[in-house]
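Shown next, in structure tokens, is the structure this report addresses.
Chains here go by letter, A, B, C and D, matching the order in which they are written, and residues are numbered from 1 within each.
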Amino acid sequence: MKEIIVEFTEKPKLKDPILVEGLPGVGNVGKLAAEHMIDELKAKKFGTLISKFFPPQVLVKDDGTIRLVSNDFYYLKRKDKKRDLILLVGDYQGLTPEGQYELSWEVLDIIEQLGVKRIFTLGGYGIGKMVEEPRVLGAATNKKFVEEMKKHGVVFQQGEPGSGIVGASGLLLGLGVMRNIEACCLMGETSGYFVDPKSARKVLEALCSALEVKIEFSALEDKAAQIDKITSRFKEIEKDLSENKADDLRYIG
Amino acid sequence: MKEIIVEFTEKPKLKDPILVEGLPGVGNVGKLAAEHMIDELKAKKFGTLISKFFPPQVLVKDDGTIRLVSNDFYYLKRKDKKRDLILLVGDYQGLTPEGQYELSWEVLDIIEQLGVKRIFTLGGYGIGKMVEEPRVLGAATNKKFVEEMKKHGVVFQQGEPGSGIVGASGLLLGLGVMRNIEACCLMGETSGYFVDPKSARKVLEALCSALEVKIEFSALEDKAAQIDKITSRFKEIEKDLSENKADDLRYIG
Amino acid sequence: MKEIIVEFTEKPKLKDPILVEGLPGVGNVGKLAAEHMIDELKAKKFGTLISKFFPPQVLVKDDGTIRLVSNDFYYLKRKDKKRDLILLVGDYQGLTPEGQYELSWEVLDIIEQLGVKRIFTLGGYGIGKMVEEPRVLGAATNKKFVEEMKKHGVVFQQGEPGSGIVGASGLLLGLGVMRNIEACCLMGETSGYFVDPKSARKVLEALCSALEVKIEFSALEDKAAQIDKITSRFKEIEKDLSENKADDLRYIG
Amino acid sequence: MKEIIVEFTEKPKLKDPILVEGLPGVGNVGKLAAEHMIDELKAKKFGTLISKFFPPQVLVKDDGTIRLVSNDFYYLKRKDKKRDLILLVGDYQGLTPEGQYELSWEVLDIIEQLGVKRIFTLGGYGIGKMVEEPRVLGAATNKKFVEEMKKHGVVFQQGEPGSGIVGASGLLLGLGVMRNIEACCLMGETSGYFVDPKSARKVLEALCSALEVKIEFSALEDKAAQIDKITSRFKEIEKDLSENKADDLRYIG
């Protein structure tokens, strides 16, 4: 079996396309953002990638049929002189470092053939605590791109993220440089404890501004409201703990 | 050394054969079911598969001689116009995701050459608690197969199994689609804490109904009785704990 | 880099040679036994095997120079009509299942070219408690070999070892079958907590009887005495615990 | 994607060059030492190595742009008849044993082409406690090199390091032997709990003596002072614990 198998149902002709990647990761921020974009803009699926680097697993659909875990390519043609879009989403990232490198390399092979010269990768930036107003942090392959994205509210702050960017959202930038594809990673701040639609929205706002896309956020807001219900309880507990620590301890002994 | 080595003692000519896979997994349901079928129907071994993806281990037989851990192929010729059967059982599944994919790919290569166009994979569905009347859940590669298996008592329930199907029982379906081999996975509900001959029997009942096979279950019933002795003690403890929790706790302090 | 690199300083012509393998494992029984045999019989080193499947490590010799961790081949020419011997010892076994298979495969390639038709693999059989008179358990590739070794005091007991034989001592048997090389594994009972020269001696006694080799055991006895000093203290503790359990517990509360 | 990709910005012609390797490891002693040497001697970067054996990660620079994690080659031309230097530093070593072997093999391929016949590898030797005056231990590929390095204060002590040398600092020696490249590993004693600029300085002093290099240590001294502030607090705690153990315990009950 080949390490990676890609099947295309269509080979779309695209106008100077831009890739938007949103695979699972911290707070599932990138995946939520990219999937929301696909749903709202009714992007069309045209390719499926399966791999030995993914878990050996099939998912069961509502009608009782199955599909292999995969990464999937969508495209969106745009009017006027706006550049077309390719979106990459999926169930998993590669399970091993080797798999991560091979998968990003393969993705670059595919999109290079489709004429992609610019990539946005979307992800979360885990900060280990609840965040009311998540910032969108950025990192890019060149300084001009950095300056461009600052205009769309993206924060480039020295020393953040200190540990670098791990996974596809980082590798597409790092390996893209070797092919003269410019790329920018947008990272929404998130606790890292929950899936975070609020952070995904912030990332999308910056991205849509850069792409000149208009999008509805009500579906993401609904998800955010659901998560908020769950997390608000946690915040209460956090507050109680920090305020009444001494008192609480009295009751233990 | 090749990653997978298959040795055939015979290349049987089979009449539109159906593969039944039962490798180790949750509650060993699939393995128990397939091995019982081989024993009862006196299926004949014709191939052995060894692999670097299995543990580096030999097993010692009762006469002091050894054999490498393996997966093994059996066949059963059937009278009238009934389709012949191939059965796949073994000591282990692949140890790594890569191994899982390669092994399922190899199995598909082998059975495709033998003319297989339909697969049943057998497994357990762990639900984390004792279950008196295990259901048999299903998932298949197409809707027609789903409808067919409903007639044999198999349950296709939305959202189950929520985590998909992991291992050979899933991959043979997922990778089978790519070769136009239709496949259905039958999963017997099981606690996941013990090997479960009772669940294996339920799976076999559904399978035998679909295959028009008649089979004795007394050997499985004996195994089930043995396991019941062990598990009944656990059930008592479980009951005690849930009924007398308050009382029990009194004695701790 | 090749996965396995073998360098020979000499290609000895050997008379119907027998391989004796003793690599690290439970209680280091096999390694102790084979190394003792090399020392006592003054076997001559003629080949070194290094591999990516070993740890990335060099060892420092007493004179400050280094050598890569390796497996090493020795040979011993014997007078009269006795078959010559090849001995395989080393610092490590392969770190992964794949590595284990590849290394055993390579060893079989090498010894097949040297004319080996019979193998003895040496190892320990961990039983989890101190053992005064360790038995030597066996497993072999054919029944005739089983019967032969029974005459040398080797025990072939149904159900032992229940978990099979893991590592090179098992794979050389299992993969040897595929090349018509007959092989027998000799396993000395051992606690599994310490290196066990006493168990190694028992294994050697059976082996030397089978090979018609005479050997001194004083060096092994010295090692055994050292280990005995350490383990006797443990035995005392064990005894105290089992005899005075009730009393001991009194002091806890 | 190739397992290892090396890009050169320049192929320098070097005079009988010596490789100095300092990759991350115990106390980061080797990395600190080699990076300090690069900074002080203003060595010039000429090659970058990326690999699937490294983490799938990019690092973010102060200007918001990124770079893949890598190993990097620098060179330094020297006047008079002094041999030129190549320095190898980097973010990571290979993540797996296989990766470690492949990367060291590749490094040897590269430097062999550049004419390297002598290597110094730098590392730390963890001893598990604070050390006031770290010794520099050595190991080399031949006895003559051992004797040479003793003159520069390097200690070759029987039984140290007992566990051998793990990683690139060991493999470059072990695999170098196979290519007739002589090599010496210099290991600075270090607790293993902190990055250790003091140990790095000791290693550099021995190295610079051997290479006839003059170097400033003030930058390393500044780092050492910072670390000292942190570690001195730990030393106090250690002292308290050992002196007042009995007293401390009184307060627990």
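Note that in this section a residue touches a chain if its C-beta (ideal position, glycine included) is under 8 Å from a C-beta of that chain, and two chains touch if they have at least 3 such contacts.
If you're wondering where the values come from, they're calculated on a predicted model, not measured in any experiment.
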Joint neighbours of subunit D and subunit C, given as chain labels: none
Subunit D against subunit A, contact positions shared by both copies (same if over half, else different): different
C-alpha-based rotation, subunit A on subunit B, 0 to 180 degrees, nearest 5: 90
Chain centre separation (subunit A, subunit D; CA means) in Å: 37
Mean-CA-position distance for subunit C and subunit A (Å): 53
Residue numbers of subunit A (touch at least two other chains): none
Touching residues (chain side subunit C, partner subunit B) in the complex: 94, 97-98, 100-102, 104-105, 138-143, 146, 156, 158-161, 164-168, 170-171, 173-175, 177-178, 185
Contact footprint of subunit D on subunit C as seen in their complex: 1, 5, 7, 50, 52-60, 62-69, 95
